[in-house]
Every structure is written in structure tokens, then in C-alpha cells.
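Shared chain: chain A. Partners: chain B in the first complex, chain C in the second.
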Partner chain A sequence: MNRKILFPVIILTLINFTNQAQDIKKGDVFIQNAHVLTITDGVKENTDVWVRNGIIHKIGSQLRVPNDIVVIDARGKFLMPGIIDAHSHVALEAINEASSPITAEVKMGDVIDPFDIGIYRALAGGTTISHAMHGSANAIGGQNITLKHRYGTFNPDDLVMKEAPRTIKFALGENPTRVHGRGKNLQPRSRMGVEAVIRNGFEEAIQYKQTWEAWNKAKNQKNNRQVPPTFSSRLETLLDILEGEIIIHCHSYRADEIYMLIQVCKDYGVDKIVFSHVNEGFKVAPELANNTMGASVFSDWWAYKFEVYYSTAYNAAILTKNGVITSINSDSAELIRHLYHEAAKTQRYGGLSDEEALALITINPARQLGIDQWVGSIEEGKQGDLVLFDKHPLSIYAIPEMTWVDGIKYFDRKEDKTDQRLKVDPEETLEPMFLHADHVNCMSNVDFFFTGFGRNLFEHNH
Partner chain B sequence: MNFKDLLNPSTVSWLFLLILVSQPLFSQSDRNGERRLGSSYVITNTTLIPSPGEILQSQHVLFEDGIIRAFGKDLLIPADAQEIKGDSLFVYGGFIDMANKTGVVEPTIPEKPDNFDPSNPMPEIAGIHPHFNVTDYYQQTNPHDKEWRKLGFTLAQKLPLGKGMLPGTSALLIYGQEGKNNLITENQSIYFKFSTAGGVYPNTNLGVMATWRDLIQNARLYQQHQEMYAADRNIRRLEKNPVLEALIPVIKGQTPVLLEISGELDIQRALKMQDENYFRIILTGINEGDHLIPLLKEKQIGAVLTLNLPEDPSTEVPDGEKSKDFESRIQRAKEAYQKSLALAGKYEAAGIPFALTTKHLPRGDFFKNLQLMIENGLSKEGALAALTVNPAKLLGISDRTGTISEGKMANLLIMTDTLFSENANIHMVVSDGYLFDYSEKPEKLSEEETTWDYEAETEDGKSSGTWKIKQKEGKWTGTITFEDPQGQGMKTTAIENVIITTENMQFSFTVSVKNNTMEVEVSGNLSGEKFSGDMKIVGYGNFPVKAVKRDKPEKSNE
Partner chain C sequence: MNKLPILLISLLFLNLQLYAQIDGDVIKPFKGDFLLQNARIFTITDGILENTDLLIQNGKIAAIGKDLPEENHRVIDCTDKRLYPGFIDGGTSLGLVEVNSLPETQDYMELGKVTPQMQALTAVNPNAVAIPVTRVSGVTTVLTQPRGGYFPGTAALIQLNGYTPDQMDAGFRAVLMNFPSAAKAGSYDSRSAETIQKEAEKGLKEIDAIWEKATTYLQIQEKGGEVDYYPEMAHLAKVLKGELPLFIEVNAANDISNALEWVKDKEIDVVFTGVAEGWKVAEELVEANISVITGPVLALPSRQSDSYDSPYTNASILQKAGVKVAIRTQETENVRNLPFHAGFAAAYGMGTEEALKAITLHPAELFNVADKLGSLEVGKNATLFLADGDPFEPKTQIHQVFIDGYKIPMTNRHIRLYQEFLDREMKPEN
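On to the complex of A and B.
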């Protein structure tokens, strides 16, 4: 085949690939002379980072790179790993399947919204990965999904971080007792009820397993009298938790309820658990350090309901100093844009070092999501998720300038357009502009259960 | 009553009445109607378009007993055939509508019991009733289907109504002679929507997807149990489950799932469902997502596009100060609008034999929207195909209708000019071999404004006001006055979607209450100066409304 024929063939093949949109885009980039905040290996001054085919290929100086690679002059700038948010609801069409105390069968992967402008805004704040979670209405909520912020795709599956292990949302305390107990007169009505719902769920899953084992054994035997059991993806999922295939991410505030779930998990041999919010975590820090995959907290958010009054901005620092894998999360489409500010607060409240503070939004959330072997630090062989700041990211004056995911640049402050929406509704109302949009949060999609009584009480977010 | 009495003619008629009255209210469609016995017609010397893109001049078309017997230049015409002079007329195949719900009423759902547990509702309360059959809820005497027939529709796929994800099975009905049983096929597809009954499990698309997965697995197990029990009565009997039973033809690949979508993310979800558990799939309501066309083609997914196109965003530019980026934003909205108009053309270019649905489409927009699709890339042949051969194929009735050929049903559209040309009028529609003549010009309706005094009975008692309606350049417009629900006296607002025929009148309007808006639809029958019908407040219920036309139109004070 001569070259003249080959060329159109290549073009055709390329078009074919882009049409099917199945392949995740991966890029090459060479970032030169940056202060490289590796997180796991200190700060490397005047260092180059070479990303090849989406993976950090080499870190060093005087690297010989191909002539055609995109070179970013980062002299005087700060390169850190892409920020990871361990608790988010960005890029979801629905958040709560609030209609049952256990909804382990539902999957956030079914409702990914690649058009959410929140993804782009998160990228503008250096956040490259978010843990898109089910809400906190149920004792056992749905299965979460870990997203890479590959903004620009129209295919929801392109956002999914395929390597990430399965995770599931649990919720303790006031949210599940209010939705199901007060709202619908179902269990759980109290913290004791929450524990009972979880334990009963696990027990039912064990019975379910036995039923299916008995059937699978009997079905091919001669003169079998057993009939097929009922399939339940809810109980299948609970079984997968018991078998260690799913990491629990549990919405919680009070020390007693945190300790309760640690005990329940011990009873069932479950050790993959991360607590989220954890405002009273400082009271049970050693227990969290010894028995869990850590705690994901707010820097300084509290007092939006009764169970969140006993709180401190020193929480993240106390947990860190006690050896708890600690992260700071956003749980908000707004906070996700400046998690580096949230991390910096731990230096004012608790005096964490730069490395400790940055670990709260990089390698630690990566560990909690089970993805630390791929992301969370700048190391050769890890994925090319990077963010370049003009100043040190823990400075209040720092501004993210560029953000890469898999070596592809998804945000560049210099190329930022006024209108970054991917999709426009032809029938949208053009005026007026709304400066304040409804924020999605832990309690989205549960409003209908509260019409008629004390609604104002519930207009908090988490 | 003794035997002799039974022979008494008056007793017989009483008995007959009794039988009529004792029919359950919802079984409006008579499934045992008789086919009519032969009546033959011939359309002579006409221009025939037997299938899209094919034009034959000076043709005679003979149809008899609802069947096209023959067509051609030389035909042996039976003596008793009634002649329709076809000179200067154009004969097309009758239109087929997919995913249509006119004339269908909502099923009665059981009351929620005391101590109702919303986390574990019975399937019917959760909107999961694939075993409901739309023919049980279809009112053949509804006024809408006749109006659609006037626009050329001869056959429709009727959808069951219901708030949840599995409302029931669809059926094919012919828009034929009233009083006949016009059912062609029932249990034709399982209808699926990404929607929920509200307040119970499943409540969001999260729960819908999970419920579907469980239903499919359990239908398989149910089928397995069924087979085991059929072979061996010595095992526990199969507890009847109508929901799972209805899904068995789906898992066997016999019955397709008609999947209603309202955006491209729904298409992605539907494809995911199919990847996980294979079943035959037809997507209806497609309104966007042209980049998915190659994928749908590759997977051979049936596609039904909506005719209900968005409003042109540039026609409703608000007054007042504009923000800085207003121009660029309206530009993007216009591009999105253009894209939706061009979608049908793109499906055609990709070679997908798509159909169209009139669901949610105001009748007055039917030809207008087809025209918009044609102006934006769809060929006229493609438009005709999307209304005839393509839906026939998707519905599995190509052997019976979709083109004009010998042996197919006599479903014809007779036009005064070529279809989609500006001056074309519908002269006649033949449906199931019955003739519906629209050749007479409708009475020229007065351009004067008419005023109606109405009285509606709502839950809060009687409410009254006036309607003012006038016709301008062939379009009806008007206003309604009503008592402000917030107690601020009388309010006036514009009415929309006005359709007035000699027998019916309908329109809709919106009422704002605080930050909410309520959609109100009024429809009913006209007889002389009187109107009687229903006012439907969407989401609240139906209320009777009566109105009387004033003798003289009120002079406007403005």
C-alpha cells in the first residue's frame, strides 16, 4: 500500500474511533521547571514532569523529550497532583433514592450527568477526581461512583474512573431517622433503629446467600424439589460489602454513632470503611486510626443542625496527628472549587505542615477511595492528573492556572470562555440571570417526604 | 321471569340494556365488533405515490372490503364500485402514528392501605403494571383521533397511561369507522418510561434502573420455575405474578420494549439496560443526541423521533436590560434549536429508518413542524417514509400497511396537491376502507371576537368568568378571566393552543400561584351556543365546566 492510500485510511479509522467515543482520551505533556509538590516524596525544585500517553513517565531535570510534545514553562509555578474530593454530588442527575431505609442496589453510575458545568468549575479549582455519592437519606444508600473530570465528553461512562473499586454510602443519625422515622413512620426512628436496620440488612444478606447456595447445590440434582429463589440486587450488594468488595463511606457526625458502626463492622468482619463529615471524630480518633480507612471531614462547617453542634476546626489536625487517614471533602459544588483553601485552614487551626495539609486533598482521599496506586501524588507510573498553580496552593493568593486529567488539559485559565456549557437547552429562559442556583447536596430529592410540617427545620445541606 | 317472558320483545330489549350497562366502564373498546361486508371504491385517473419516492401517473386504485385489490392504468372495474374522481388528486399511503396516547384514560390504581409502607409498595402503586392492556383504557369514541385522521393518520400505536416506569402494553388501532372494533394488534410492545409514581419506591431513575435489573432476573427465575412446575407437579406451585409474567416475552425477545426517552442521557441509559440484559428496543421521543446516531445504527435500535419541536428561542426575547453576554447566549440557544430541527435529516442521512410520534404535539403544529424538518435537511420522501413505511416496519405490520400495494389495508391519504407543498389540502382520508371526506371547505368562521360566560365547579366551589376568543389569519387566540386563587380579584391571562371545530373546542392557559404555575386544559363539546366539558388542572384533577356564548360580542375598552 502506498502512502497516498494509507493516509485516508488512517483518517477514516480515526473518525470511526471518535464516533464510538469508547476510548478515553490520553495525552502527552511536558511541564518544565516547576516547584513539584509530589506529596509522597517532598518538594522538588526546578523539576520537569513528563506525561506520556496519560501516565507520568518521568520526573527529573534535563529530560530528553520528543520534539512535538507540548511544553509548559512552569518556572516559578507550583505543580501538584490533581485534587481529589472524597465526598461530592457534582455531575449527578439524581442524588437520593430516599424511598427506602436500605437502597444498596441503586447505582450512581446510572445517573451521571456529563453536562454538569460543576465539573468544569471543579477543574478550575484544580479538582480532577470526585467521589459522586448517593445522598444521606437512608441508613444504607446507593453505590457511589468515582469520576475523573474529563469534561467535554457527552458519554457519561467516559467520566468513570474504571480502576476505582466499588464504594457505597451509609448514613447515621438525624437524616435517616428524620426521612424514614419521622417522615414515614418506618424504622429507623432513632440511632438505635439505624443500627438495627444495618444489622438486619447484613443478617438478611447472609440468609440470602445460604438460600442461593442451597438452590445452586440442589438445582442440578435428580428429583430436586427446590424452586428458584428470588433475586435481589439489594442483598447481593450487602453480601459484597460483607465479602470486602465494597468500601463503605459513612455519613456520620457523633462519636457514639461512629463507634457504633465500628463495632457493627467488627462483628461482621468488615474493615473497609471510611467515615464522612465525622464532626466529633476528634473524640474517637484512636478508634478511627485503628479500625477504619479514615475520616473525610469539613474544615470548618457545623451547627446547621442539632447533631453538628459539637465541632471544631481543629478536627482534621487532631485526626491527622492521631494517625487517622484524613481528607477534607466538599460535599458542595461550590467548595469543590477551592479545596486547597479548605486544606490551608488546617495550618491556621492545628499547625499541619504543607505536606500534611496537601495530603488531605490528594493522597489521603485517594487511599480512602482505594485509588492511591494510580493517583494522589506525583510519581512515575501514576496517572497524569496535575494542576499548576501560580503560587503555593496553600497561599490564599494562589490561583489554579491549568488542570490536566490523563495528560489532557481540561482547564486553562487563559483559554477560559464566558460560556463553558457543553449543551444548551433550545428552550431555556434567557433572562433573568440567576446568581444563586440551588445547590445539590446530601438531602436532594427527599423534599417530597416533608411537605406539610416543619420544613424550615430541614433547609440545611448535609 | 318465565320462559315466555323472555320472548317478549320488550323484555329482550331490557335484557339487552342490562347487558350494556353491566359492562365495566373501562372496557370502551369492543373487541368483538364485526368487519363490515364489502363496499368497493375506485379512485380513477389519479397520481399515485405507492411508496416514498415512487410516482405513478393516471392510475386507478380499486379497494374493497378494506383491502387494496389492485391499481394500475388498466383495471377491470367492478360495476358496483363507487367512483372517486382522482384527476388532479394525489394518493398516498395513510399515516401511522407511534407512541400515541389520545383517547386513553389513566387506569384506576388501588388505594394505599392503612399503615402503607412506601419502601415496599405493591407494584401497581409503584407504577409497575406491565400487565395492563391499553385496550382496556382506550375510548374509541374520543374526539381527538378523528381530528388526527383529518390530518392523514389512519393507524396509531396506542400507549397505556400511568405514572410509573411500566404502564402496560401498547396496541395498534386503526382510525376507521366509528362503532367498529378497530383493534389490529394488542400486547404489541411493553411500554417503559424513566418515570416514577412519586413518594414510593422506586422514586428516581436510580430506583428505576435497579428495579428493572431485578425484574429481568426474577422474570428469568419465574420462567424457570414455570418450566419446572410444568414438568413436575411435585414441587411448590408457582405463585402467580402478573408483572413477571408480562416480562417473559421481553426476555425471550418476542415482544419489544418501547422505551420513552426525554433526552440523550435517557438514550445512554436505555443502551446500558440493553447491554446488561438483551431485549428488543425501540426508542421513542428522540429529540437530541445526533452524535449517538452511529451507535444506534450499529445496535439496530428502532428510533422514533418526536414531532414536538422546541419553540424558536429568538421569538421570545424578553424586554428590558440585557446582560453582557446576552447575544452570545441567545446565539447558542439558536444553534441548539437549529440542531433539533436538523435531527430528523441526520437520521435519514445515516440510513436509519426512523418513525415519528405526535405525542405532546399540538395538532396545529403537525404540518408546520414537518415543514421545519424538511427545511432543515429531511427529504420529502424521508418525511413520508417516517409516517408510513418506517413505522409499519417498526410495528411489524409491513405486510398489512405502510405502502399502497395489492393486498394491503386500504389506508389512503388523498391530497389536492403533492404532500408538503404549500397549497396542499387533504381531500379525503381512507381508513380501513372507509371514506372520510374533507373536501368541503369548512364554513368560514367569523373573524369577530366571541365572548363566552363560563362556570366551573372546582373543589373550592363554583368559579366563573369569561373567555374571549377570536380568529386572526387562521389562528385562534383569546383571553380568559378567572378569580385569582390568591384572592386578588379577577385576573386575565392569554389562552393558548386553541382548537375549535364544529363540535369541539379546547384550549389551555397557565395560572401563577406564588412561585408555582398551574397548567389548565379546557376541552369539551360545542352544540350551538353552548359548551360543556372539562377543565383539567394538571396534577390536581378534572372539573366540569359549562359555558354559553353571548349574543353580541363585547366591545373592548382598550
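On to the complex of A and C.
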């Protein structure tokens, strides 16, 4: 081998090797005498939880633990599983690849930003896992990534929850029709077009599969003169959806569009689908219960655009009582800081029990992300993602005090130093100020399509 | 023993009120004499009164005391429930916008940077869907504000019941001003530090020029001179005369210091609003004796370098330093979250009692309506609500709201949708 090539190859191999050798940090901790809100097995009073090597090893009382383990006295405090946000845009450098109504080939895993202060702020609110999603500009958007909030690493891959199955973003209604139909004069311009785009995409994927099958059959035959088909990662991804390897998480608001996608999925035999936002999900709750992996909703957001005008804050309660797997998500750098409070609102709007309300931010989003065998409840054998509150987490007065991911403490209110940034721009002479309006959200990175469009369409968030 | 039938009747009555809309009945707010019996009364100004009655007559709190005579009053049993004065949101856009993204329904911003005479009350839609959604939470009174430019317009205090803006008028106006900011506005602001500074200084110069014009206008007017029709100046002159207060929106710490400097030699009635970074300059605010309306509390820290809880602790830090603090949501459709904003401030240092004041008595005082609102005292407006627990707690239910003596129907579109769809009649075939 040429030396000139060999040297970079060695270097690259070394870099690669060191990267892979860097293991995810896992910790040990012994939390004593807490009110343990297990989620799946009721509330256990004065109970100890022992996390060993990142995994919940034992739950009980008077456990014999090693002398050198860190002990947390949690008497009178409330321990719950790390909160899971099924719809977030935290730790992403880009949100929307708004260049086509279908962009199934793009991956949010390629744009993870480990320096996002939002990760730390989420931890300070007890959120340990977020589903970092593509935006809602396209009928079929990019592939999302499930992140564990291992704040402090500079390596984007360390944030990825490796066990999590693949998921993809779909979007219905105003956003894709505005971006493509009205913004670029491309289908879809209406909810009819959204259905057509999705069906056409699925049909194209099926044809693509048939073309490859024909080629694979032909290529080994003698005197084969056929040209191999062109590889398409977009269509490969759509096929993976049809074959049940990817869970759809679909941005949606109105009952009609939700119902439409349920029908489309039935036609193509797709049953791994979660509806997100789903403001009018309550109108088709029995259909959602029968045909989907559930709904991930806002606690009380409405009226910020027309398609959410006929909403109700009782949505989560109606869905829950109709047997829909329901979660409450943030879609916001702000709400992700207090999802426990968002869940508590279902007690005012619909009177959900403590168990039902807490499930909305733990085991239910875990199910919707396909990660419930590892996280979402306090059970022996599950991952040591935990948050300790001074009061019951559904109380307005509750303050998260400590948060662990894989048994490692990433947040401690007592040790919280003011500036938690991992990276400071050395050229920054004036630190920008963010007032409450500046959230990263579903429609980020698409504003440039609307320059001179007459209205400020960037205002249309989520 | 003779109390039992009345109790049963009043319970029935309550139930009827809560669920009558199932049968398609229209329930309107109605005025009457109501005797609220045996409540835990959170007066705000006189502590908590246990097992006490409160009589509503002619829209006012007519009496507070033990075992008030029932006479012909409609009796509402409040055993194990609490009474609070209606909550007051110190800053919203309620009534001025119906659907946030649709310009056709936005009535909070006029063209031009200097429009102090634009009246928010004119554009308040008494039938905005968000109004009944808000008031069933116990938020009865809000300041609704125009926005944009140096002087966006005149905010109005409204009560959340009434068929015309005048009926909703709670008797307070404030001229708004946005103090020119020398802060970099988020990561999209590509201006250099120098440009930002220069533009802020230029903005203040423009405001000074307007101020001088208004001063001249007032001087001519006071000396009996002829003045042309100049509504902007005529309105600002009212601020100079002390007829209307000036509410200055200012958030960055440096801007707050500059705004304090700007108001120092002006003999006007001033309140600072926003004040997101007030915690950095609390002492300056105390020294200048400036009151603030701060919020939203449920917000992101204003700087990436700030502690994660700075928006939660801001109100508390200001209050403890000695600043009079009112809390606002800066919301439109979710003004109903005001008690939760106050609750977070309470949890992060302010305590429940002070946080309650920040959404009752303090805004009432800042809005010069403390003789009518902000506490439960005889002679004040019967603007209050009945809850089965701490209204900051999400699980607490608000059972009845009264505004100016009107018994408010405890329903709205959110509740009606719940009633219709909780158990849908037509179920899918499997």
C-alpha cells in the first residue's frame, strides 16, 4: 500500500478505535428511604433503590450494599423514573430538511449538538430521555433520534440511546401544506394532497422493492444484461416503515387528518404509529385506541394557529379514559423543564389519578418510543434513570433535586453552579438574550421559504 | 338539623349549574344575592378566616362574618372549600387576538412606533373564546396590552365578564412604552455589539425627542395656547400630567439600569414590566422605589449562562429585596395558567402568601383599583372564587367564580368538548 494513503488510514482507524472504546459512563448509587413512585407497581414507602453499574439492581429495604457506594438520604422525598419526552427538538443543530414533501432519508442522528444547554435544563426538570425529532415541514420528514441526557460529553454519539428502535417524523395539516403547497407550489397544498403524498411514497417504495427483487433474481442468471436499479435511501426507509422496522411519530392536529392516516396505515398493514400533538385526538379516541400506539399531546396548548382552535385541555384525560396510550410532550425548550407540572394539569382537566398522570411522562412515552423494556418505570433490571423530588412531583411546589441517567448524577440542585455551558464562543462579546418567544420548535429552519411571502409565516410555530 | 335541607338544595343547585349544559340549556352569568356559607376565607389583607360566611349583595361584598343571616339569599355551602379574591394577571393579550397565527384576528399592534393613544379596550372582543376558558380558573381580571414600537398604545384592565368593552372595563388604563434595548436579541441577531449599542442610544434619543414634544404640547396647553389636533402628544401629555401611568417594558439588566436613569428626573407614575433580569439589579429598583410586573415565570432563562431557575426565582428575589411585585403570564389563550406561574414563584422562594399577593393585592394596587379588587373585604367588588384546595395546585378544582357579583357559568368550549367526547356515542366497529 502506498505510504501516503497508509498514514491517514492508520490515523482514521485509531480515531475510530478510540471513539468506540469510549464507553458510556455508568454509575452506582444507593437511594435510601424514599417514597418510590414505581409507576408500574404502585408507590413503595420508605424504600431503597440500589443502582449498580447503571442498572436498577435491587428495590427493597435494609439492602446490604457495598461500603463505598454513594448513599443518598431520601427520607420524605419522592423518587420517580426519569421523565421521558416523546416530542422534543433538544440538542439538534438543524430541525427541518424542508426541501421536499418526503425526506425520509435524513437522520437527526447526524445533527446532534451535545453542547445544547437545553439538555442540562431538561435534566434540571427531571427529564432524562428525549425523542429529538425532525420538524413538521414535510408530510414524511426525517428519522428521529432517541437521546439520553448524558450532559457533559463532547461526543454526539454518547447521547444516543443505542437500544431505541428507529422512528420517523410524519406531519399532516397546515405545516406541510403551507411549506410545500403555498410556499413552493408543490403538492401537498391541502389535506387531500397530504394523503396522496404519503400513499404515493408508499407505492413507490413497493415498486422499488419489486424492482430490486427482479434484479436480484436476474443478476445471477447467465447473459444478464439488465442494469441494477438505483439505490435510494429515501425509498429504503419507506420500505422499512412498511416492514414494521420504524415507528411513525406523526405531527397532527385535526381529527379528520388523524383518521385519514389511520386508514392509510391500515391499507398498508402499518401498525407502529404514534400521533403527536393530536389536539383533536379526543374526537377520534376510540379509533386511536384500536389502531395505534397512542397519542402524545400537549397539556393545554391551543389557539396558536387555526387547526388547534377547537382543542380542549381535557384531551389527555379523554384519551386516557378511552384506553389510548397517552403521553404528554414538550416540543419546547421551556416545557421540557417541567413536564411533571404539565402532567399534573390532567388532574385539573379531567381528574386523572396520580398513577395515570405520572404514566403520561414515564411508561407511556417509553412504550411509544419502543423503549419500555429498559426505561419508564422503577423496576429491577431497568436502567438507572431516576429523579428525586422534595415533594410529590404532581404538586406545584415540587422541586427536582437530583437527576440520574444510567446511575450517574447529572444534576444536583445543591451543586448547581450558575453557568452550565460546555462551550463558550470566544468571539462573543455580547451574550444574546432570549426572551420567552424564542423557542426552537417544529417549524425551525423553514422561515427562509417565506421571505417576501406577505405574512410572517415564521410566527406559525409547532 | 334545619341546615340539612338547605345544604341538599344548594348541592343540587350546584350540580345543576355544573351539568345543565348537557341538556342544551344556555346558562348566562346572573347577578343576585349569594350567601357563601362556612368557607375558609383567604382575605389577603386580614389573614385566613375559618368557617366564615361571605355575603354578596349588589355586586359587592356586603358582609363577612360567622353565621350571617340567610334571609332570602341564595345559599351556597362552602364547607371544606376556600374563597379567594379573583386573580389578576398583570400583562396579557386576552381579547385582542383570537388565533395567534392569523393576522386577521390580531388586534394588538398598530402601524408606527408612536401610537400611545391606541386603546386596547376598543379592540377587546367580549366574546373571545379564550375569555370563558380563562375565568373558570379563578383569573377574573387582566391587563390587556397592545405591543410594538416605542409607545404601542394604552393597556386596559378588564374583568372577564360583560357583553361590551365598557361592561368589561375594570377602571384602569396605562400608557405602554418599550424601552430601547441594548441587548442582543437571540441568536438570530447578527448585529455587532457596537451597532446594538448605537441603535439603542438612537432609540432613546428618539424617545427623548418625542418626550420633549409632548412636554412642549403640555406647556402650550397649560398656558392656554392653541394646539393642533395631535392625538399622540395629547395622550402622552396625560402621562406628563400624572393622569395616566407609564408602564415601561424592560428586561435586560443594563436596560433596567438605563431605564431607571431615564425616569429619575421625570415626575411621572411609572411601573416597570417584564424585568426578566431584575434579579441582577434588585437593589437599584428598591432604591428608585419602582414597582414591577414580572413574568412569565414559566419561561427560559434570559441568557444561556444564567442559572436554570432564574425565571422561577426572579419574582422572589425582587420581592425579598423590597420591590412590590405583581406577576403576569404574558399570555393570550393560556392566561388560565396564572396560578401556576405564581405557584412556581412560590415554590422557588417566594412562598404561597407573597405569591398570592402578586396576583391579587399588588396588581390591584399598581392598577389603582385596590378599593375594589385584590382582597376579600367588605365594600369591595364581589370578584372572587370558590376552590376545593390551594388554587396553585393543579389538582384543585375551582367550583364557582363570581365577577362583580355575577355568578359565572362554570363552563366553556374546552369543558363542552370534554362532555361531548369523553364517552362518544358512535363507537367504531372493530
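Throughout what follows, the second predicted complex is superposed on the first by the 430 of 462 C-alpha atoms of A that agree within 3 Å, B and C clash if a C-alpha of one lies under 4 Å from a C-alpha of the other, contacts with A are read in each partner's own complex, and residues count from 1 in each chain.
The rule is simple: a contact is a pair of C-beta atoms (placed from the backbone, for glycine too) under 8 Å apart; a residue touches a chain by one contact, two chains touch by 3 or more.
Fair warning: this is a prediction, and the values are worked out from it, not measured in the lab.
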Looking at the overlay on chain A, is there a clash between chain B and chain C, or do the two fit? fit
Considering only touches as defined above, state whether A:Ala398 meets chain B (first), chain C (second), both or neither. second
Does the superposition put A:Phe231 against chain B (first), chain C (second), both, or neither? first
Who does A:Thr103 touch here: chain B (first), chain C (second), both, or neither? first
Between chain B (first) and chain C (second), which does A:Asn155 come into contact with in this model arrangement: first, second, both, or neither? first
Let me test your reading of the model: by the given contact rule, A:Lys217 touches which partner, first (chain B), second (chain C), both or neither? neither
Looking at the overlay, does A:Ala303 come into contact with chain B only (first), chain C only (second), both, or neither? second
A:Glu93 contacts which: chain B (first), chain C (second), both, neither? first
Using the touch definition from the top, say if A:Pro286 reaches chain B (first), chain C (second), both or neither. second
With both complexes overlaid on chain A, does A:Ala333 touch chain B (first), chain C (second), both or neither? second
Just the number, please: smallest Cα separation between chain B and chain C in the overlaid arrangement, in Å. 6
In chain A, both chain B and chain C touch residues 418-419, 421, 424, 430-431, 433
For a test of understanding, state which residues of chain C touch chain A in their complex under the given definition. 98-103, 129-130, 181, 183-187, 189, 193, 196, 251-252, 274, 276, 296, 298-309, 330, 332-334, 336-337, 340, 343-344, 346-348, 390, 392-397, 413-415, 417-418, 421-424, 427-428, 430
Which bits of chain A are touching chain C when the two form their complex? 117, 120-121, 124, 282-283, 285-287, 290, 300-306, 309-314, 317-318, 321-322, 333-334, 337-338, 341, 344-345, 347-350, 394-399, 416, 418-421, 424, 429-436, 438-439, 455, 459-461
Quick one: which bits of chain A touch chain B in the complex? Just the residue numbers, please. 19-21, 93-94, 96-101, 103, 105-108, 110-111, 113, 134, 142, 154-157, 180, 184, 186, 224-234, 418-419, 421, 423-428, 430-431, 433, 445, 448-449
Note: in the complex, chain B contacts chain A through residues 117-120, 198-207, 209-210, 213-214, 217-218, 221-222, 224-225, 228-229, 234-236, 238, 264-265, 268-269, 272, 289, 291, 294-295, 310-311, 313, 317-318, 320, 322-323, 325-326, 328-330, 332-337, 339-340
